[in-house]
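You will see chain A twice below: alongside chain B first, and alongside chain C after that.
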Partner chain A sequence: MATIESSLLNIGYLETLSYQQTPLHRLDPRAKLLTTLVFIIAVVSFGKYEITGLIPFMIYPVALIAVGNLPPGYLARKILLAAPFAFFIGIFNPLLDRAVLVQLGPVGLSGGWVSFASIMIRFTLTVSAALILIASTGLNAVCLALERLGAPTGFVVQLLFLYRYIFVLTDEALRLMRARSLRSFQGRGLGFKVFTYLIGQLLLRTLARAQRIHLAMRSRGFDGTIRLLRPLEFHLQDAVFFLGWSSLFLLLRWYNLPHQLGHLLTGLAP
Partner chain B sequence: MHMADALMSPAVGGTMWAATAGLTAYSAKKLRKDLDEHKVPLMGVLGAFIFAAQMINFTIPATGSSGHLAGGMILAILLGPSAAFITMASVLTIQALFFADGGLLALGCNIINMGFFPCFIAYPLVYQKIVGARPTRGRILLGALAASILALQLGALGVVLETFFSGVAALPFATFLLLMLPIHLAIGIVEGLVTAAVVSFVWQAHPEILALAPAAPAARGHSHKPLWLGLALFAVVTGGILSWFASSHPDGLEWSVKGVTGQEELAAPREGVHGALARIQDKLSFLPDYDFKKPAAEKQAEKPESWPEISTGKSLAGILGAALTLLLTGVIGLGLRRYCSPGKG
Partner chain C sequence: MSHHLVEVKDLEYAYPDGTKVLRGVSFRLTHGEAVAIVGANGAGKSTLLLQLNGCLWPQAGTVRIGDFPLNKGTLSYVRRTVGMVFQDPDDQLFMPRVYDDVAFGPLNLGLPPEEVEDRVMQALATVGAAHLKDRPPYRLSGGEKRAVAIAAVLSMSPAILVMDEPTSYLDPKTRRQLIELLKTFKHTRIIATHDLDMVLDLCSRTIVLKEGQVVADGPTLAILQNDELLHSSSLEKPLCLQGCPVCQGRKAPAD
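Our next item is the complex of A and B:
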């Protein structure tokens, strides 16, 4: 019950974040979408034992969070919530890969722990990039960008529709759950049978709603295609944003910055 | 069973993206050709329904844990394969963007695992064959159960294959498979029971709804084109990746065979993939010997005197440098925030 409300609030909150007016929010959604993709590919393309090379990539989420006035604590919580799958697959690495890879004086660090740390860093980087994209752009603009970049219109329209009705239907589900828990004690006993009745009921209401929507659309002249007519302009600053970040990612991909810095610090170690 | 970006290699992610893009374009084209305009709002609202339904959990009897609906099968039964595929793809996209389930690069994998398998394989080949044109309660139960189990097993197999070919996680193929398949057998049974119960509930309340959606394509004779298209794409993708592995290191294929039969110890075969990755990485990386030091015995034997020197010096330099980079990043972030905040107010 609480989880329904909170996850609904979560979607709403991400959407609210995207209504801000900052230099980041004013950029063309295409520039942000493409930059996010380049970032993710660059991060994922590192070898499995890479840690130091990944760290400079933190600059991208950090800079965007700062410029876009996004709440770091909230994003961190969302990243933690999504962590279990990568964590549970990754945690097998230290168990299976015990060969010592890094020697720090007397302490030897096994390759498994190194690759596990690498997985968790990658996870943080890629997930934060995706969340920042939504929080700084909003789903509708991302959909427009997708359409302009050549995604099938049918799919884009489906995304827009889905997004519009998520709020309506989760409200509906919330009402069903509330009504049930008011009539039971402490919300107990949501067994299989009751569950299927609830879902079935929700499905029937959904179908009825779809029919009403369809009639409403028909009476407004719907002929099977939805036209997305909103101007998107790719300005100079969009190109600068995309090309600037992309070249930085390429540079960081080929040139291990922490390694060089470390060498400077430790006094020209080999 | 959402794949995560962190466990993916770009090659696997990219090929699965390409496969997904092809299937999405095919489904969108098919929908437009069918001119089923009442499906446009229906698909959108049913996608939202899957979301809403996933938020209601039920307690699984005798276990104390709770489960919810995954939804691919219900969508296929109500909408038919191509519309269900697009709907499932959109649901997974929203989950990737808003809940960070999976990730953007892994989205292709997730759409194949949870969209393609139920919609284009389990539904036409199992559910429709069992239920046929005249559904009964028993047939719906049997069909939904069998189809859901098949879809989830294929999906779990997909996750294992994609993780294995990405080579980031160290889990051996066979172990991972033995871990995933039984779990997803249980999940598939639950999913099948829920799907059957919900579908028969709707069928009893409004039989015409079920008659409408799936019967239309069935009457014309269901086309297996998407299935073949998907299988062909899958074959090309797998073949491509396999040959890529095979060409860079001959042990890649051998490894998977041994992994499945379980005849070799864990330590030895892992070197196949590690070796292949290292070789690729050597070609790519700026400082080839820095991040991957082969712990193998023969290397140590070759030049034992270089071991301590490399590891301590380089590790220390790496750690110090990383710390400094993190610090710099933080300073830049704080500076930007301070610089930008008066501008927005």
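Our next item is the complex of A and C:
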């Protein structure tokens, strides 16, 4: 129960971060959204054994965290929270792909381990970029940017409603759990059967609330389209931010900078 | 102006499971009246309110708002005229920011952006919530949510305000501020509530519902002093009309 509560507070904290006033926060949400997309596409488009080519991409999250005054420790914890997903996607690679790819002195690294490491690096890069986007922009502004960029309105509205009511829903779930634990003793009443009742109850309450929300919307003239009134202005600095970072990503995508540097320093031909 | 008129005639309604909630409710309200609808839990108060702007449709009887009977054709007019404040502000504040929520109605009415801006800021100023405009609704306190929910309705400039339990969830001071605010409104106000002290402060007229029927309709003071009526409708005299235990020589509970 405590974990639900605290992780919820943590989502709220992500939102709080987006209220700051830094050069990063002041950028148009569209510029940040598009840059993040280019970044993610560039990162995931590498071959499966790529590691060195990915390293220079670290500059993007590091620079944004610095400029946007974001807490690196907090973001790292958020990334760790999602890490198991990537971990289980990649963990079987070392078992399936045993061909030795790199020889580091006496230790031979198999292709599986290399691709596993590559997955984890990609995961860290993409998730941190997404978290930074939210922490520097706020989910609502991201949705607005999505809508302005031509994403289907239905999808955007779903996302907005999800974000609006996830707090109400978890609150409701929390109250149910609390009510149960207050009247459960010695593990009795905490079983799976009661849990299924709770879930059913939550579903019914959610449906009832959805109905009330719908009525409230209809009462104020809702006719199927959500209209948002908020000016967005794309300034020069937004264009510079987007084009600058995007061209850097493309450069890093086509030229393996660590390789080139290594060759330059050791004087070996490629 | 005649569009402040609310007339309900022989209204009947049963929920789909067969529970009969309204059994022939009739009343007529005129311009600028503040009317309380009181009654026990399940007496039909909330159901009655939902009939007033076509959230529910009566199975028998009619609702008239202003010059028009309520039907599918007049629905959008009626919804513009009747502003409904729901009991749980979380149901009503569904947009990402307070500003968007207050702008929701006016934008749906198709008003031009400058007009919407004016109305939103004016409505927020009226309820004293202009400083909250960029906040997400889930971050507001109970009183702030209530104020914003009222602003969200005011921004459509309704002639009639319908409120379900406006003072629930509020601390005494916030409740008092809300009552003072509602007193300043010139709208026809229909308020369903259990807060009889507020009724005494705010409403000149009271309608008592019992098991889906109007059992009394008249001046608030007369109704709230009728012990027999109150008792039979599961109500109680407002505290400020009850004898003071100290100064009337009655035994104080502490003794």
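Structure notes:
Here, the second predicted complex is superposed on the first by the 259 of 270 C-alpha atoms of A that agree within 3 Å, B and C clash if a C-alpha of one lies under 4 Å from a C-alpha of the other, contacts with A are read in each partner's own complex, and residues count from 1 in each chain.
One rule holds for everything that comes next: contacts are C-beta pairs under 8 Å (C-beta built on N, C-alpha and C of every residue); 3 or more make two chains touch, one makes a residue touch a chain.
Small disclaimer: the values here were computed from a predicted structure and weren't measured.
In the superposition on chain A, contact is made by A:Arg209 with both chain B and chain C.
Residue by residue along chain A, chain B and chain C are tallied for touches, and B comes out ahead. Once the two complexes are overlaid on the shared chain, A:Leu248 sits clear of chain B and of chain C alike.
In the superposition on chain A, contact of A:Leu131 is made with chain B only, not with chain C. By the touch criterion stated above, A:Phe161 is placed in contact with chain B and with chain C alike. Look at A:Phe85: by the touch rule set out above, it reaches chain B but stays clear of chain C. In the superposition on chain A, contact is made by A:Val100 with chain B only, not with chain C. In the superposition on chain A, A:Phe192 contacts chain B only, with no contact to chain C.
Contact with chain C, but none with chain B, is seen for A:Ser219 once the two complexes are overlaid on the shared chain. Once chain A of one complex is fitted onto chain A of the other, the partner contacts of A:Asn140 are limited to chain C, with no touch recorded for chain B. Within chain A, the residues touching chain B in one complex and chain C in the other are 160-161, 163-165, 168, 209, 213, 217, 222-223, 226.
Within the complex formed with chain A, the residues of chain B that make contact are 1-10, 13-14, 24-25, 27-29, 31-32, 35, 37-38, 40-49, 51-53, 55-61, 69, 74, 86-87, 89-91, 93-94, 96-101, 103-105, 163, 167-172, 193-194, 197-198, 201-202, 205-206, 209, 266, 270, 277-278, 281, 284-287, 290-293, 295, 308-322, 324-326, 329-330, 332-337, 340-341, 343-344.
Interface residues of chain A, counted against chain C in their complex, comprise 12, 15, 140, 143, 160-161, 163-165, 167-168, 209, 212-213, 215-223, 226-230.
Remark: chain C residues 50, 53, 55, 76, 79-80, 82-84, 86, 88, 90-92, 94-97, 100, 103-105, 107-109, 113, 116-117, 136-139, 152-153, 156 touch chain A in the complex.
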